[in-house]
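Labels run A, B, C, D and E following the written order; every chain starts at residue 1.
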Amino acid sequence: MNSIAAATVDVPFTLPIVDYNAIAPILILLGAGVVSVLVEALLPRGSRRFIQLFVVFGALIAALVWLCTITGVRVVTAEGAIAIDGPALLMQGAILVLALLGALLMAERSLDPSGDVFAARASSLPGSEDEKQFTARGYLQTEVWPLFLFAVSGMVLFVSANDLLLMFVALEVMSLPLYLLAGMARRRRLLSQEAALKYFLLGAFSSAFFIYGVALVYGYAASTQLPVIASVLTAKPGQTSLALIGMALILVGLLFKVAAVPFHQWTPDVYQGAPTAVTGFMAATVKIAAFGALMRVLYVGFGGMRWDWVPMMWIIAILTMLVGSIIAISQSDIKRMLAYSSIAQAGFILVGVIAASPAGLAGALFYLIAYGFTTIGAFAVISLVRDESGEATNLSKWAGLGRRSPLVGGVFALFMLGLAGIPLTSGFIGKFSVFAAAIASGDTWLVIVAVVASLIAGFFYVRVIVVMFFTEPGPQTTSVVVPSAFTTIALAAGAAVTLVLGILPQPVLELVSNAGLFIR
Amino acid sequence: MNPANYIILSAILFSLGAIGVLVRRNAIIVFMSVELMLNAANLAFVAFARMNGNLDGQVAAFFVMVVAAAEVVVGLAIIVTIFRSRRSASIDEPNLLKY
Amino acid sequence: MPAAGVFSLIWLLIALPLFGAAVLLLGGRRTNSWGPYLGVLTVVGSAVLAVLMLVAMMGHPAEERSVGQTLFTWVFADGFQADMAFQLDQLSMVFVLLITIVGSLIHIYSIGYMSHDADKRKFFGYLNLFVAAMLLLVLANNYLLLYVGWEGVGLASYLLIGFWQIKPTAAAAAKKAFIINRVGDVGLSLAIMVMFVTFGSVSFSDVFSQAGEASEGTLTAIGLLLLLAACGKSAQFPLQAWLLDAMEGPTPVSALIHAATMVTAGVYLIVRSNAVFDRAVWAAGAVVLIGLITIFMGAIIGSAKDDIKKSLAGSTMSQIGYMIFAAGLGPIGYVFAIFHLLTHGVFKAGLFLGAGSVMHGMKDNVNMRRYGALRGLMIVTFVTFMAGYLAIMGIPPFAGFWSKDEIIHAAFERSWVIGAAAILGAGITGFYMTRMIAMTFFGKARWEDDVHPHESPAVMTIPLVILAIGSTFLGMALLFWGNIETWLEPVVGFSSNPTPLSSTTLMAITLVVVLIGAFIGWRQYGSKPVPVDAPSGNWLTRAARRDLYGDLVNEVVVVRPSFTLARWLTWFDSSWIDGFVNGSAAFVGGASGRLRRTQSGFARSYALSMLGGAVLIVAALVLVRLS
Amino acid sequence: MTPWLTILAVVPLIGSVLVVLLPKSRPTLAKQLALAISLVTLALTIVMALQFNGASNEPFQFVESYPWIPAFGISYSVGVDGIGLVLIALATTLVPIVVIAGWRDVDATSGGSVKGYFALILAMETLMIGVFAATDVFMFFVLFEVILIPVYFMIGRYGGPQRSYAAVKFLLYSLLGGLFMLASMIGLYVVSAQVTGQGTFDYLSLVGLEMDPMAEKLLFLGFFFAFAIKAPLWPFHTWLPDAASASKPGTAVLLIGVLDKVGTFGMIRYCLPIFPAASEFYAPVVIGMALVGIFYGAYVALNQNDMKRLFAYSSMSHFGFIALGIFVFTTVGQSGSVVYMVAHGLSTAALFLTAGFLMQRANESSLISDFGGVNKAAPVLAGFFMFAALSSLALPGLVSFVGEFMVLLGTFQRYLFVGGIATLGIVITAAYVLRLYQKTMTGPLAPKLVGMKDLGGREVIALMPIAALTLVLGFFPAPILNVINPAVDRVMTTIGATDPSPTITSEGSGK
Amino acid sequence: MTAVNLGEEIVFWFSGGLAVLGALGLILSRKAVHSALWVALTMINLAVLYVANSAPFLGMVQVVVYTGAVMMLFLFVLMVVGVDSSDSLIETLKGQRLVAIVLAVGLAILLVAGIGAGLTDVVPVGLDEANGVDGGNVQGIARLLFTDYLVAFEVTSALLITAALGAMVLAHRERWLPRASQEELSKARFIGAGHPGNLPSSGTYARHNAVDTPALLPDGSPSALSIPGPLVARGDVRPVDHHEVEQIESLGGGSK
């Protein structure tokens, strides 16, 4: 694949072959990001929000529409750096739709009396006069929109990166804006900043592992392109210790992003500290992007070393499921609980990944989509439940909520049941798909562990319902704020998908199985 | 001399960077340690490029530098923000989020 | 023979009282005024029907006297079938007559006896229910249906014993009766099951026709299980403890259920299953033994009780012991078991109703030590009671003489030892009955101050009179006019063996022994003043007053261990089984509490675990590969 | 052909939605609507049942099948055999009764939403019908699990003081079983894919599937575990007393009376025909569990001071009988088990509803020690209580006797001693039932109860049908037996079991 | 330059040694600024090693970008956050240091072992050929950048924009009022109810200089001004240990 041919100095520069049609969604997003930055730079403050929303939604929708026109494309392009294949397109689509929902949440400004979910000025000191003034003047940090767009473009690129180096760049494009966004909450800013710091430092730490792993793999295969690595692995089966260690370190970086134990500890802190809208967006999309990359690396690059990584992934999956589920039990903060839940869910998805079969890939994809919609919906609900200090995330403040607001309580209960994997919700079909794939691949005991973990996880999902519906409301000021159309749409979409994928999953199941495999 | 020595050097630097991340409390030093780890990766890339006889490794190192530069900017901005609201650059101090 | 003519109405025998029961129990207070009369009418209706059937049956030759009627298939599955079907043969016929006629009399009597009870409607409902169930018991053509009647009478008995359930003792007695009966029912259930696995059917005809093909062991098992059932229902040792407590029920109940009919169901069961017992020597022997033991237990208890009803109850136990005993003797005894059952049904009903009449006059006081000298004040009662007294002692020509004499005779046909025991039992009967008469009707008045004894109303005395007539003549009627032996023979078979002594000698010896018993009783209670407070008495008296420690044994052997086991299991359930469940939840919770501590909030410690994870992954991969 | 089963399931579902949509201010309307819907469903059930052909050779009738998730070979398939039919009938019979009986169970002042309660009941009815009608294993599982949710809400939202604990315990316990069943079910699917090349969840295709004995045993365990928890068999029962004592009487009736039957239904419908060899292998274990359960439940019931807990333990004892009948592999035993399921549904309903009426008159106390002498003050109530008690102790002449005796007979036929020992259970049953009656209904009136009212018309109307059915079916069980027996025969044929024949056979014996 | 010659060997051991020394200095320096300077040393030596590995372009970039720009940025920020904020080397997390070192050494051993196993008898291909194709190292890299790595190259622009944007958002302090003149400021300070001088820093009696520890006024009472608003609002203020204050006071002679 190396394009450096044995030629003389006079070799003319041959243009790289790029299938712009196939990567147009990525380009649209990147372009929109640039436009968005220009909007920040050039337009007066008052008009920015409207224009930014226009750009963001326009870009997302345009990218989606474009994506729909290229569903049949299966191509490796940009000199082997990008693979647009079925799973990539599917995950790109899912990321885009979920990003759309995330954008809706982030655009919401009728929940907080003083503005949207982000600090009026992230640079102002928490509790300072500056902050008060900016808030009182209704400043909005519209810079979040270009950051958001870059993050989305990073994700979309991440799932289709066929070259480890590009994957690294995409990882950073995805992560850096998220580090920033995590630190910009309007309320509880100290927590938010702490989240950003932890996320950033640990994220940087993990990407150091990733790139070092890439270096070692490069040392082994003389290339960073996954198919090349795969063919080198088959070509020289011995002497693979470099590739082995490199793969391990790459996995550290990716497992960090999917929040697998023992690389999970950033998750609760970041999920809790970040603005809820960002948490919802991040929880849904990063999980998809990271799993997409993880599966591509494992299946395309290191498929030949399956027997090396499967036992290790077994242990990680088991730990992830159990630790996530068990710790979540004793959480009293609902965002934190959902964070641990996301860890446990990552474990369940890993079960599908480990199956290393078409069914496993399809199952994991389905699970990711299902999980994404449910979790973003759940965070949307959390953003609605507020008291005078902002969101009331402590579980005790949710007592009796379902009785006072049956609709919101009911929808949240639906999300909880979905995450718990109760039939007729998307979560059940997701679990079913990955378990089926795992059993078909002979990982029966893994499934049994997963079953036990599901039960433990069931406990804390169910406990939320207990608090909302079975507990007498105390004398407190928690109330459900009526959101604007933004959050309402996101919420409705999350609930609808959770239900529809539970009751009539066939179209999506077809989609994920027709997506086929990663191309090499 | 075995050219692998470069790689071994890079491994040692990588590990030292990791130690730095784990034992230092000043966020900036921690971050510098991360940079050290990235540099170790770069050294490995460069040495491997020579061993493998293609320039991809050097390009990779180049990208790592760019990424690191961007990361530094973002990281330092975050650290400055934290410092401003807490008047401390220790990464142990922001410890409100736990358990 | 299929049911035709009047026999097509066999179902109506049961349906009539059942209808009465349904109306009375479901109708509520609306039926308060006329309900009791409906109850009486339905039973009388059944009695009339029964008599018509008897007449019809007598019109048939002996071998055609068994009539069957199948209503529908009741319980069925592949390989199993039990019909809702009736069989009226000579044996059932006599039972139907006894039940309906004595039942009618007791119903009539009850109109007076219960006239002041607010719940008398319910009382009549229960009585009707009893009659229906009892008729079902004797009319069923298979064991499973018999079982329905069997438990049905148990239920009625339970309801009636506990009729005054506001008294805790009555409620407890009712429960006790039911539970002890259930033990017997286990026997019946198991017997039915053994029959099914052996014969593939539970109908009388199939079982009896194939009984000869079964092994003796199987038949012995069936026989013993049936005996267990009989013990429960007929208050035989060791399941006798409930009968004395059952006297908590209203007196007509004691007369009808706990003297005349229900308690004799055990005898019916054994006699009905004669085909089994004839081939199971050991089982039959056990029947004889149980009967004998109970004869003496009942008699001893009856001799020591001061409560007139309990004394009579002891007597009932003893007399049923005679019947069971006779039934155990085989073909030589079946007929006489039934014969004694019939005469006993009549005279014991009379005695109980007489006792009820006395109680009615004595403000429901049952303590005979507070009676005395009532013969002048309750003349009808006294006279009728004396008829029953003479009948039960077996004084010729009263009814009991004929039947008991035949049993003793049959016992001697088997062996002189058991014959002698039977005679001794008769002697004790003489003693306790005389004691009862003496304490109640003779001697000095020992009434409490506010008691004004008086004769009962006609509605009560008329049944007494009728029963007294029965007590006097029934024995002769059945034996000489009814030809009970030939009547029953087609069903139960009949044979007789030579006895070591001539029947006249036996008769004489029996009479002498009875009179000696009566004399002792008179000397003790008739010719001496009876102390109002019972003297402490000898050990046997004390034991007899405590029902020969039957309750104590049950308490120690069954009840207390059961409750201890129940408590222990409850503890086990909550601390171990549920403890395990909650414990695993607590364990996970505890693990959660500890694990969440690892989330210390320090970014560096997170980084440490990441590094640890990385090292482990690398190590695992490298070591696995290198090894 | 009319899609009877779908109609049957959809009617209450629509009703449930309608009830939810009613304004909160019209609680009575919600009740009336719920009652009407449930009566319509009952009527439809009767109409359907009359068209059921007991003599048909088809394994299922009223069959419908549409692809649902073809990706996994899952279809929406319904159909009933006799067993499913009688259990559906049981469910649709009890629902209107529960609605009537629970007319005043919930009111706005007690903190619950009235319409919510009745909507949940109707939703449950849909799911219950579905679960008994499903002929696709996946669909069965889905309904089996989903049905937990309405029950969870009914316990947790409308129950007594311990409701949260009980609801969560119930849900998690059931989920545990369900999840193991899920794993097994997936395993079954994988096996079917390996054997036939095309994975399927269709019940009839799975019956008679050749599989590896070891795998069969494992898969059996997954299914059985779920059913044993649901039924519940000893020692997986401890959720039941808590759930029962925390529930409203109506909830308890539907939970124990109908829903728990899914466990035993599942055993006879799924465990036996799909895993015949494994069933045979594990039968001794199951029989042991059942036997322990019979006595264990009865003895613990003997020591309870809480009526609802007592009923729960008594149910556990009864479930022991039902499981016993199923796993002895005799026609009589299995027929008996099905009859027993119906009988137990009726007797549970009678017990819980009567006890519920009683408790309403005593500040919702269910402690036996708080009662006494009720018979004097409320003879009708006491009468029904007595009837319920008798039905529970399987008095001959009541349908529970038919079931119990057949179970015992079937057991005895196969295992002499097991049958003999199990028969002893009837004594203890009598002991605890009558002890309960004695302590609550007899003796002097408890001071707290002075002035208590007897049952009113609505309450009698609720109890009457149960009593009537119990009695009528006790003397004339043919309507049930006629439809059950062919289904049971089919099960017996499928598992290849034959009844032991009587030791003596001659022309005169048998039928 | 395919094989390793003696000159290179000397360079390797010298520069490599210095690089490790710099890394150790980073870890061991008490003061942050010293750490930064040690890192700079490492990076310069790495640049040397790059050059030795036929990567002259990268060597230059390393010096310019890393040592010149990145490290200067670090130093800059260090100045902002306080040069003198020397880091206590006392470990507060139990066992952290020991475990960290053990794990890192373990990682190093594993890496070295793995690399050793994977790279026995490797003969470097050398870059002479590759560098020669396009006429030099820079041209070679350029060709790759604009062909194989075109997308990555373009996408890094997004990274840089993000970085700039992030720095702006978090660090740029916007004004909501026109800048006040010095006169206005001093007037405001004295006229207003505010605090004319510096806010109190942790005082004589302070045992702790953490942000949540209030400064103590001469009478031993805490100064409300010394605590950041958010902490006060959250109630996250460390209480004053009066017992300790008295203890210190008594040590100081007990005079009031």
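We adopt the following convention: a residue touches a chain if its C-beta (ideal position, glycine included) is under 8 Å from a C-beta of that chain, and two chains touch if they have at least 3 such contacts.
As the structure is a computational prediction, the values presented were derived from the model and not from experiment.
Novice: If you walk touching chains, what's the least steps from chain D to chain E?
Specialist: 2
Novice: Can you name the chain that lies farthest from chain D, using the mean of each chain's Cα atoms as its centre?
Specialist: Centroid comparison gives E as the farthest chain from chain D.
Novice: As a test of whether you follow the contact definition, which chain pair has the most C-beta contact pairs?
Specialist: B-E
Novice: By C-alpha centroid distance to the whole-protein centroid, which chain wins?
Specialist: The chain sitting closest to the overall C-alpha centre is D.
Novice: Of the other chains, whose C-alpha centre is the longest way from the centre of chain A?
Specialist: Comparing chain centres, C lies farthest from chain A.
Novice: Using mean CA coordinates as chain centres, what's the chain C-chain E distance in Å?
Specialist: Each chain's C-alpha centroid was found; their separation is 98 Å.
Novice: With centres defined as the mean C-alpha position, give me the chain A-chain E separation in Å.
Specialist: 29
Novice: Compute the distance, rounded to whole Å, between the mean C-alpha positions of chain B and chain C.
Specialist: 95
Novice: Centroid of chain C to centroid of chain D, CA atoms only: how many Å?
Specialist: 36
Novice: If you look at chain B, which of its residues touch at least two other chains?
Specialist: Residues 7, 14, 17-18, 21-23, 25, 30-31, 42, 47, 51-56, 59, 63, 67, 70-71, 74, 77-79, 81, 85-86, 91-92, 94-98 of chain B each touch two or more of the other chains.
Novice: Please list all residues of chain E that touch 2 or more other chains.
Specialist: Residues 93, 96, 100, 103-104, 107, 110-111, 114-115, 117, 119, 129-130, 140, 144, 148-149, 152, 156, 159, 162-163, 166, 169-171, 228, 230.
Novice: Can you pull out the residues of chain C that are in contact with at least two other chains?
Specialist: Where chain C meets two or more other chains at a single residue, that happens at 585, 596, 599-605, 607-608, 611-612, 614, 618, 622, 626.
Novice: Between which chains does touch occur?
Specialist: Here the touching pairs of chains are A-B, A-C, A-D, A-E, B-C, B-E, C-D, C-E.
Novice: Which bits of chain E are touching chain B when the two form their complex?
Specialist: For chain E paired with chain B, touching residues are 4, 8-9, 12, 16, 19-20, 23-24, 26-27, 32, 35-36, 39, 42-43, 46, 49-50, 53-55, 57-58, 61-62, 65-66, 69-70, 73-74, 77-78, 80-82, 85, 87-88, 91-93, 96-97, 100-101, 103-105, 107-108, 111-112, 115-116, 119-120, 122, 124-127, 129-131, 137, 140-141, 144-145, 148-149, 152-153, 156, 159-160, 162-164, 166-167, 169-171, 210-211, 228, 230, 236.
Novice: Enumerate the contact residues on chain E facing chain A in the complex.
Specialist: Residues in contact with chain A: 110-111, 114-115, 117-119, 129-130, 132-135, 140, 143-144, 146-152, 154-156, 158-159, 161-163, 165-166, 168-174, 176-177, 228-234.
Novice: In the complex, go through chain A and note every residue touching chain D.
Specialist: Those in contact with chain D are residues 403, 406, 417, 420, 422-424, 428-429, 431-433, 435-436, 439-440, 444, 447-448, 451-452, 454-455, 458-459, 462-463, 465-466, 469-472, 504-506, 509-510, 513.
Novice: Under the touch definition given earlier, write down the residues of chain D that touch chain A in their complex.
Specialist: Within the complex, chain D touches chain A at residues 67-72, 111, 113, 116, 141-143, 145-146, 148-149, 152-153, 156-157, 163-164, 167-168, 171-172, 175-176, 179-180, 182-183, 186-187, 189-190, 193, 218.
Novice: Could you please specify the touching residues of chain A with respect to chain B in the complex?
Specialist: 2, 4, 122-123, 125-126, 165, 168-169, 172, 176, 179-180, 183, 189-191, 193-198, 200-201, 204-205, 207-209, 211-212, 214-216, 218-219, 222-224, 268-269, 272-273
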